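The structures come next, written out as structure tokens.
In what follows, chain A forms one complex with chain B and a second complex with chain C.
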Partner chain A sequence: MADSQRLYQERVQLYKDAARHRKTNRVVILANIWTWMTYDMGYKLSETLFDSKKMGQVVTKFQEKYQFDFFMDFGGRNPLAISGALGHTDYIINDETANLNINDFSYVEPEDYAEISENYTKFLWTKFLPRKYQKLNEAGAKQKMLNAGAEFGKFVQHSTEIAQTMASDYGVPPAIFLGTPAFWNFFEILFNWLRGIKGLSLDLRQRPEALKSALDGVGVTDFFGMTLKEYRQSSQKGTDPSKGPDVSTYLLGHSILSKKQFEVFYWPYLKELFDYAEEYDKILHIFAESENSRFYDFFKEAPKDHVVIHLELDDMFKAKKEIGDKVCLCGGMPIDLLYNGTVQANIDYAKHLIDELAADGGFIFSQNKMVSYATDCKAENLKAVNDFIREYTI
Partner chain B sequence: MVNVQLLTQAVGELDEDRVMALLTEFVAAMPTAEEALSALNACQQGMNAVGELYETGEYFVGDLIFAGELLTKAVDLIKPVLRGEGAATIGKIVLGTVRGDIHDIGKNIFKSLVESAGFEVYDLGVDTSPEAFVAKAREVGADVVGMSGVLNLATAAMKNTVDALKAAGLRNGVKVLIGGNPVNSEVCRNVGADAFTTNAAQGVKICQGWVK
Partner chain C sequence: MSDETLFTYPEGWNEMLAALDFLPEGQREGFLKGLVGILLL
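What follows is the complex of A and B.
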């Protein structure tokens, strides 16, 4: 068996063992590295975000240097060429700081919720697209749609090629973001793409029933509108032996919610994913942005050995104590330390994390924030930590 | 005369309908400037309650964003009858999201709360250069410079701003507060700020302590 194949299988097994709380010899290292890899490999965001071939070069060179087991992202998170073809993007690129900012937006009006609830697809085509991409209201709209379709095709092709190269040449399983079916509480789609943080904050107070009705109407869904309910019908029992997690979800908009609001606007949909993972014996990977301790009571309801939770800013030792061994914890390595600390201080902290959290299995090592900007991380620290972990026996 | 207790309670409970009904009725009754000031104070007291409920976890970020909007609407209603009378100012704050960062929600939440606590706020907006902080702090004689940021790169910009305040000879005359996701005690020390917070209500208390 080729080295890369052996590595691939070993990595998948390590991930699954961690998720199932089985003791392993070493921990899995998951790259929570996003736009920083472009900076570190000497490219500009303005090049790679519009050129997936260059992005592919970035990802493979990055893996040669750091040898991660898994990646959150193979550079596919911001396919700006597609929205560029439609004539608009909310993103602002700063090559100097490797900084990708986004303006707040709202493409949903309060009175739209009823329509969204009844016919989300119609809303997307008749309201969202013309509001966001205003050039579609002008002559040449059809050509713009065709161009965007062509860009989407290229994006899919290049993303597939990158994933294939990472698997065949480097033994790296599919990235969790885009490489694993992702299902979102519709609240997230509103928060991240349709209504924005301010609009949703007002809706939670001014029209909670309409908002809730839209969440129920659309349901837990993927980017393309397939609901979890539909996906279940084509699911086979058991975890996919070729991947780490079977499904993923992203908790981002929950960062504006109180515990009480979470119970109403989030928990029923997260529970749907928990129930799916348990019933079909799947592994669910959750990325939970920000600090999450007020939600631990809900996380404790996860089906044991079926859920991995990547906690961003949480105190991982407290999380382990409070959530217990219901879920596999992921994250922990502070990027403050990766940027400001010495190599030795970084290795010491990584060892501390592993000793405390991985002794009985149930821990995946990763960075505690999405590593994105030039000042998020120092290369020598990241490399030293990864080299240490690969050799460190639990 | 508005029932200040009811108004304070309605603001604290983020009951927009009740707040707007009370104030609409109040303004229609042609109140004196003094009465308008008392209504404004009632709103400020209500915002204090919002800050306290945030600290207990009852309210979270979305509620603070809503509270900021509610306060703006309430003040817009009261303003015309204040006739130039304003609440006493307890200090001046120059505030901005630092260079390289355009996130302004946390900054705006802090601004709403700190204004309602009686501070005069000079909001420089987002992506604010160290030079702009220095110029405004000098111009208005700021008591506090408040810097906000969400991105990790914001901490470097905060440090550059503190260095610029030092170079301009202003650092000893102002307190520096930093806020946002990436700040903690170590960042505060590295930046050279006087205090840090990830909690807008706590930030207001820090500022109040400084101008006592």
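What follows is the complex of A and C.
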């Protein structure tokens, strides 16, 4: 068996053993590395975000240097060439700081909720696209959509090629973002891409019934309009032996919710994912941004050994005590330390995390926050930590 | 159908599906849904 094939199988097994709270001889290392990868490899964001082929070179060079077991992202998070074909320029790119920002927005008006609830595809086609992409209101809209479609085709092809190369040459299983089916509480899609922080915060107070009706109407869905209910119908029982997690979800919008609001606007949809994982014996990977401890009562309802939760800003040692027997924890390595600390301080902290959190299984090592900007991490610290963990026997 | 009416449903949607004639008919709806989905990002 080729080394890369052996590594691939070992990595999948390590992930699954961690998720199932089985003791392993070493900890799996997940790269929560996003646009920083481009910066570290000496490219500019303005090059790679518009060129998925160049992004592939970044990802493979990055893996040669750091040898991660898993990646959150193979560079597919911001495929700007597709939106660029429609003249969208809302992203603000700073090549010096490796900074990518976007201003708050709202492509949903309060009166749209009824239509969203009734026919989400119709809403996206008739309202969202012409609002976000203003050039579609000019002559030549169909040709612009065909151009965007051509870029989308290239993006899919290049993303597939990156994933195949990472598997065949480096033994890295599919990335979690875009490489693993992702199902979202529609609240997240509203928060991140349709209604924005300000609009959604107002809706929670001024029109909660309309908002709730839209969440129920669209349901737990992927980006492409497939609901979890539909996905269940084609699911086979048992975890996929070729992947780490079977499905994924992302929590960020929950950061504006109180515990009481979470119970209404979030919990029923998260529970749907928990129920799916339990009923079909799947592994669900959650990336929960912000600080999550006020929601631990809900996380405790996770089916044991079926859920991995990557906690961004939580006290991991407290989380281990409170929810660690139910879910596998992920994350822990502070990016503040990765940028500001010495090599030795970083290795010491990584060892402390593993000793405290992984002794009885149930821990996946990763950076706590999304490593994005130039000042999020120092290369020598990241390399030293990864080299240490690969050799550190639990 | 003119560009002014492309973003109607289902007429404009179906028109766009028909324009994706480089794909087999059975793949067009999935492709267009995928494109619209990625345009959320």
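Note that the second predicted complex is superposed on the first by the 392 of 394 C-alpha atoms of A that agree within 3 Å, B and C clash if a C-alpha of one lies under 4 Å from a C-alpha of the other, contacts with A are read in each partner's own complex, and residues count from 1 in each chain.
Please note the rule applied: contacts are C-beta pairs under 8 Å (C-beta built on N, C-alpha and C of every residue); 3 or more make two chains touch, one makes a residue touch a chain.
The structure presented is a predicted model; accordingly, all values stated were derived computationally and were not measured.
Visitor: Which partner chains sit in contact with A:I335 here, chain B, chain C, both or neither? Use first/second/both/neither.
Guide: First partner only.
Visitor: What is the contact status of A:L129 with respect to chain B (first) and chain C (second): first, second, both, or neither?
Guide: In the superposed model, A:L129 contacts chain C only, not chain B.
Visitor: When the two structures are overlaid on chain A, which partner does A:L204 contact: first (chain B), second (chain C), both, or neither?
Guide: It touches chain B, and chain C stays clear.
Visitor: In the overlay, answer first, second, both or neither for which of chain B and chain C A:S255 touches.
Guide: Only chain B is touched by A:S255; chain C is not.
Visitor: Once the shared chain is lined up, is A:I189 touching chain B (first), chain C (second), both, or neither of them?
Guide: second
Visitor: With both complexes overlaid on chain A, does A:N94 touch chain B (first), chain C (second), both or neither?
Guide: In the superposition, A:N94 contacts chain B only.
Visitor: Taking the superposition as given, does A:S83 touch the first partner, chain B, the second, chain C, both, or neither?
Guide: Second partner only.
Visitor: Would you tell me which residues of chain C are touching chain A in their complex?
Guide: Interface residues on the chain C side: 3, 6-10, 12-13, 15-16, 19-20, 30-41.
Visitor: Where on chain B is chain A touching in the complex?
Guide: Going through chain B, the ones touching chain A are 14, 16, 57-63, 65-66, 69, 100-103, 105, 151-153, 155-156, 181-182, 184, 186-187, 190.
Visitor: Residues of chain A touching chain B in their complex?
Guide: Contacts found on chain A: 92, 94, 97, 99, 101, 103-104, 197-198, 200-202, 204-206, 255-261, 290, 294, 313, 335-336, 339-340, 369, 372-376.
Visitor: Touching chain C in the complex: which residues of chain A?
Guide: Going by the criterion above, the answer is residues 77-79, 82-83, 86, 119, 121-122, 124-126, 128-130, 132-133, 136, 138-142, 145-146, 148-149, 152, 155-156, 189, 193-194, 222-225.
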